[in-house]
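Next come two complexes built around subunit A: one with subunit B, the other with subunit C.
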Partner chain A sequence: MSVSVTPKAARQIRKALDQRGGGFGLRVAIKTSGCSGYAYALEFAETPSPDDLQFESEGVHLLVDAKSLPLVDGTELDWVREGLNEGFKFNNPNATANCGCGESFAV
Partner chain B sequence: MALLQIAEPGRAAAPHQHRLAVGIDLGTTNSLVASVRSGLPTVLADAGGATLLPSVVHYAPDGMVIVGSEARVLALRDPQNTIASAKRLIGRAPADIAPGSLPYVIQPLGPSGVGVATRAGVKSPVDVAADVLRVLGQRAEAALGGPLVGAVITVPAYFDDAQRQATKDAAQQAGLTVLRLLNEPTAAAIAYGLDTASEGVYAVYDLGGGTFDVSLLRLERGVFEVLSTNGDSMLGGDDFDACLVRWFCSQEPAIEWDGRDAAALNAAARRAKESLSTGTAVTMACERHDGLLVQAHVTRAAFEVETKPLVERTLGPLRRALRDAGIKPDGIDGCVLVGGATRMPQVRQAVTDFFGRAPHTEIDPDQAVALGAAIQADQLAGNRAVGDAGLLLLDVCPLSLGIETMGGLAEKVIPRNTTVPTARAQEFTTFKDGQTAMAIHVVQGERELVSECRSLARFTLRGIPPMVAGAARIRVTFQIDADGLLSVSASEQTTGVQTHIEVKPSYGLGHDTVAQMLRSAIDSAESDAAARLLREAEVDARRLLDAVDGALGADESLLLPREQFAILCAMQDVADLLETCADGEAAEPAAQKALRDDLRRTTDALNAATTEFAARRMNARVRAVLSGRSLDEIAS
Partner chain C sequence: MSSCQSQPNAASSCSTGAMPPAAPFVLPEGATPLNVSDAVVSKVGAMLAEEGDPNLKLRIFVTGGGCSGFQYGFAFDDVTKDDDLCVEVGAISVLVDSSSLQYVVGAEIDYEESLEGSRFVIRNPNAASTCGCGSSFSV
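On to the complex of A and B.
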């Protein structure tokens, strides 16, 4: 059971935390109700809560709540540039289909 | 794929809701509905797992409306109350339908439509299409679990305005919101284009149940441009069935068949045809209405010989489409096969031979159109982020659109082959002094004279403030929406009065008519030009006559008696010539040119005769303005 980030993503997460003025790490969460059933959410995390599982990857603290973990297990978070856009992209082995907008996925 | 950003705790944006939208392939023989689910377009099946819905509607004695394969079975027993291939009738006039070609009773309905007399009353093709669409809509809502935002419905590429409008009406009747009508070949290209994402020029060969369409599309940086379309709206898989029926009947000339057997024969032929796509021989069996079972052995080779003329009929439109687009068969980067009839090996072979390459067949030819429509519907419903695989579709208007100007001349506002949607505006002015209304006559065609073009609509702009001729500025705007429907508006620029019309022609243009109109425009380019120049000279002459007439009335006192006589003579000469123009209507370009030269000579003479008079009027005006005023007053 793990979630990881690429070195590029880690650099961006650290940069974002610095700009924000600190924080414990990054929360990777799953919300229901998107086009394809589930949607990703990325939030800054202040403190871990009791149901959280913690991972460390490339020196970054990642928090995933227990309910979300089965859906994102094995996911690698990458930072990519597409045209003028840049942002985080999920490489989730559990997702069987992504919706056209990429915000949500199905398992 | 959208990229994510990190949000503050608890502030992550809620994912957007998926809006349910479907693509519907409303076919002649079968219809399908598809939707994008989890990013993938999929065809939606009914409760029994069937995806194809036969476009057959049966009106039962108890008032029930039965649609689909059940109706197709009932067609055997009750052909008169079962309507199949209604798409062939949509937007058509009774004269277009060959007698005896359909097993049910056709009768005129309204000014230019047809209806089928059934026990549930006379049903128009729109009613039948609406019944099919309603079933597909219900199927989609059941499968997707919610109400639909809208649907993209496909139509053959050269459905004319009346047929497109009828399709929209049917959807409305079925309670569906039409996001857009989409050309079937374009839909198929979308289905393929997104999957393979290769750029180039593609031919779409769509041999459906009742229609044959060929379109050349250019796909470039995600933009589809329709280069040309061609086809035959009376050729399809049904004709292959009919061919097989004729062959079958000719095998046993002693056995007689009548109208009651038509549906059974068609069904038997369809079964035989379908199995011949995989097998090499089949026994075709059909039970006559009195129970007599007739059988015949048919081999694929025999079937291919019988249907060779039909396959060859598809090659003509293919060549014409290439010629229109100015492309050689080897300039095509790929060919896409659409329509169940393209499963027939002889069709595939013919296309392969024509282009010298094997066509694309990765997507089920029955489903490609519906899948493409679903992708488009997904985008139009707003389920795809802007700029994310943003697909733009460009179609062209086949003939120029314009308005009638003085002298019966057609002034083009939107030239042919302009990509739609489009809007163009042009300014026009009044012809007579004090003119307060203007009739706008919208015409379609390439010819110079309105009488040779097709009239689409007429309306009048009223409330133009009285001004001298040529001072009013009337802006006429033509707008063609993405469905190819035209709206025209006219507004007077100083007062802002305006009027507007939606053009829904009562009858439309078939492909042949368009081609014929273009040919005649090319053939008669010379005579058109001569006619136009003559008309322009006439308009000028008439304007001059009006002006002189007005001047004579206003300043008769300034005329010298001798001068007056000369002017009246010159006016008479011009008026006589205009008379000749009006009733003679010189047909030959040479005669028209002679007439125009005469007109020019007499109008020049009239101008010369009035020169001194005009100068005196001018002087009198200036004197009237200047007299009794100091230089300072005037300078300020």
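On to the complex of A and C.
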């Protein structure tokens, strides 16, 4: 089981950690919410918890809690520019449908 | 003849070449077309300086699509069309075509930066529901 990052994502994670003044790495977690059932959550990580799994990819540390891992196993985290926006993108082989990022509404 | 609505601090000219045609949507009298945040003005100003083209304006548009039926689009445009509303804020100009305007009139345009990324967002009083941006999937 693993999660990984692309070189672009790794650069962005290092940049964010530098701006923050350091940190162990990035935590990737899953929340149940969003229009498709699950949502990703990213946060800075200081120290691993006992139920965390640690991965290293492109020189950055990633932490995933044991409960989230089955849902993100094999995921590659990328950093993409879409139009004028840029952000992390989860290429998750476990996902069967993705919300078409967000800029959507009903009247 | 300018079709520009100026906001306080407005700089100057953003004009169309011709009179606008009879538009399908007319801005209600006294309505504020768009509220553009300081974060947008400063980010767009920086992006335009990078592009090196002072004629570029931020275009906001609405298209069909997305999980809730409509989606917002953001782009730079150096052409102002006849049916565009042009709002000047600080040193930047924002364009919205009249068919998009009816869906976003009175909305707040903002720019957010977070760990997840940086993006332009619209807080739209016309929207009945909004998709919870994007980082969502089903298995």
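The criterion applied here is as follows: the second predicted complex is superposed on the first by the 101 of 107 C-alpha atoms of A that agree within 3 Å, B and C clash if a C-alpha of one lies under 4 Å from a C-alpha of the other, contacts with A are read in each partner's own complex, and residues count from 1 in each chain.
One rule holds for everything that comes next: a contact is a pair of C-beta atoms (placed from the backbone, for glycine too) under 8 Å apart; a residue touches a chain by one contact, two chains touch by 3 or more.
In this text the structure is predicted, and so the values were computed from the model without any measurement.
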{"item": "Fit or clash between subunit C and subunit B when superposed on subunit A", "value": "clash"}
{"item": "Which of subunit B and subunit C A:L71 touches, first, second, both or neither", "value": "second"}
{"item": "Partner chain(s) touched by A:A39 [first = subunit B, second = subunit C, both, neither]", "value": "both"}
{"item": "First (subunit B), second (subunit C), both or neither touched by A:A29", "value": "first"}
{"item": "Subunit B versus subunit C as contact partner of A:S4, first or second or both or neither", "value": "neither"}
{"item": "Which superposed partner A:E86 touches (first subunit B, second subunit C, both, neither)", "value": "both"}
{"item": "First (subunit B), second (subunit C), both or neither touched by A:N94", "value": "second"}
{"item": "On subunit A, positions contacted by subunit B and by subunit C", "value": "16, 33-37, 39-44, 83, 85-88, 90, 96-106"}
{"item": "Sites on subunit C touched by subunit A in the complex", "value": "47, 65-76, 103, 115-122, 124, 126-139"}
{"item": "Subunit B-facing residues of subunit A, complex", "value": "13, 16, 26-27, 29, 31, 33-37, 39-46, 80, 82-83, 85-90, 96-106"}
{"item": "List of subunit B residues in touch with subunit A within their complex", "value": "1-18, 36-40, 378, 383-385, 387-389"}
{"item": "Subunit A residues touching subunit C - in the complex, by the definition given at the top", "value": "16, 33-44, 71, 79, 83-88, 90, 92, 94-107"}
